[in-house]
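Questions regarding the structure given below will be posed in turn.
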């Protein structure tokens, strides 16, 4: 099957069958990373512009690796280097990039809605690599891929997302994806960091980690932005860690086969115990590995590829 | 035919037949940007160093896209990252780059004359991507390509360049190219922003936009650097806009088929009316698209390619 | 033959036969830089992450050119752009890079020992591109290649390293390589800039350039970091230049066929006379050219290639 849109703006726009198609395709591409020659010719001669108006190492690098493994030509533009500093509007900047005939614009931008604006003027495919606190769809997809690898399914799981839900696009995209696929999501954190109305996305709310983690299959810990201390959302790091960090004791309450996730970068000893991050239940590095495969799949499918052809494209069936 | 020099320092050094050869070759390459596989093998295994001592998004990106579409290997070096900050002289930096055997050095540098200095020590081809207020030859070539596409010729046109002529390498390169090709150029702006002696390059001078635009075929609006306000060249943005901005009323005085150009980035509502920039007479995005094709042509011809072979190289004749 | 380790952390770990194998392989690759198509397919589909936690133009560029000439896919990550600024530990950052399955991590890092730490968690090959004041193995290898080209051997030479030995990883790697290969190294500079215990690496020590240079085959001049003035290591630039700079008079004392080296970037008129740097005895630009070849050789051999196959891989024997 093919994706219905040629853009990937958010999980909100994806149907469950599209999510499954992306994950299946990603599994085909995952195999490429393990080869000696980590390259398939699927996007040879296509141009991808990576336009990051917010700094990012891991997402930008993951996209760039994915693009190169598909043999695409890549260009990186960061905000500091960009004409934005000369006062040009976002739309004029993008119209200019677009006039150079790229096939994809992968954009991170601090303002929700910036990507939607782009799709009105772009023939190229727009991929959202994070937009403020709104959506980060490829992160939710790589998280889903990681859960499905462990449990063989995305339905009937209990997933606890723990931490600063309010400022997290990762939480928002995950809640939507997981509820669409039939899992239960509990958003858990201090009352100041749970946004009003998060239930409307499908999440249950809890302010008590011990209760929330009871019988969980997945505990996804979010990064505690240290800046939140200054702005009064939490009283102190020590207090936050005591009340909300994922510790071995708290994880005891989850199911025996429960896994620990974190989108990174981690503050060890703040939101997560360092031993858990490195322990046998942690799938944190699997998330990173799967990120490359999911982004290859998204690029491949948005370029018009079909899930069924990905196996052939990668030669994974050999 | 081949170009006479293996460097492109400025329009000043080009003969009319060379300009025509570049534009013809660019038309062949323009077709590549519209394909699914936007790549020709013409410069496979050649190395291009993009050495930008001044910040630039659009020119740097346009060169990089052009180089990748020709299958060249590209490297980017910006001033901040460079050894220049450690006090090394420009010549020592370039001698070092040169010792790595690049085929091209594409350089933007704030000092006119820096490029000429390079040609004395470089076996590689030096391309001027902008040198202070002196020349920006690939910009004038892409502008010429855009005009020729609309009018079928570069002779007998009346081209008004409107704005800050004094600080504009774009104006200087365009005046030289267009007068060489038989067109008339009027440099129009406030007296403080028209440099003494610009007539020697072949331009007429006007301080009155309404009169200058009368019967024009092309109005090329220049960016108003907002810094000029502080240094007293113009009294205020509002005053500048009232007296010199291109507005629909002013454009009425031009020929019915007249086109509007701008090298970007634009200050909408300052030097140009936003509606005009987006309107049917605007060829501003064509300029950007043609920029990639012109730069492909320049790289191809400087590498020793011939205009006649470009059609074959691109397979455009298929 | 193959290298014994899959990492290159320092000259300290290399045996003489490995040094010879790298230099022989580099000679095969040197030929590639002189061709029209400067590319061999040896590392096609391999991924190299260039992770520079300290700024560098020449080393970073040299590695990138080398990687592209081997057809590898390259990614650049600099400290400013990296998650390190968000407070992530070095090991977590590298674990994340590693999870994307690179084949090589080329790292420059201000702390000696950082690379060794990486080898404990990385399946990929780690290459030290400079670690504080400790080692810079590819620099010593390119220096050795340059000396061997001139003298046909690395044994029995007298090499004077002149300048700030204390802060120089270049000096430390060169002393180890040259003494392993049977040459004599004299470390010469002001007493404040000769570290205690440098003799243990195999160098003789001198505070008197005139005496040290007597009968030298090679004078390798080190960059005088201008910051050292402020911190009191040397009284003034003028004083330093008078006492320690390499001048034509001082070079007279060396052997008639002696060569002048400098790792760059140079301060002409401070540690080295500008005329000498450009003169017939200078091999400073040969060092840069050889840097690309040596890095190609190191990447090729660490990837499991054999010296004997490099000629075939490059087609150098054609």
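We call the chains A, B and C, going by the order they appear; numbering starts again at 1 in every chain.
Just so it is clear, a residue touches a chain if its C-beta (ideal position, glycine included) is under 8 Å from a C-beta of that chain, and two chains touch if they have at least 3 such contacts.
Just so it is clear, the model here is predicted, and its values are computed rather than measured.
Annotation of subunit B and subunit C: jointly contacted by A, touch as defined at the top. For the self-contact between subunit A and subunit C, the two sides draw on mostly distinct residue numbers; the shared fraction is below half. Superposition of subunit A on subunit B using C-alpha atoms only gives a rotation of 120 degrees, nearest 5. Subunit A and subunit C have centres, each the mean of its CA atoms, that are 40 Å apart. Those residues of subunit A that touch subunit B in the complex are listed here as 44-47, 49, 73, 75, 77, 81-83, 85-89, 92-93, 95-103.
Listed in rising order, the residues of subunit A touching subunit C in the complex are 33-39, 55, 57-58, 60-62, 64-65, 68-69, 78, 226, 264-268, 285-286, 288-289, 291-292.
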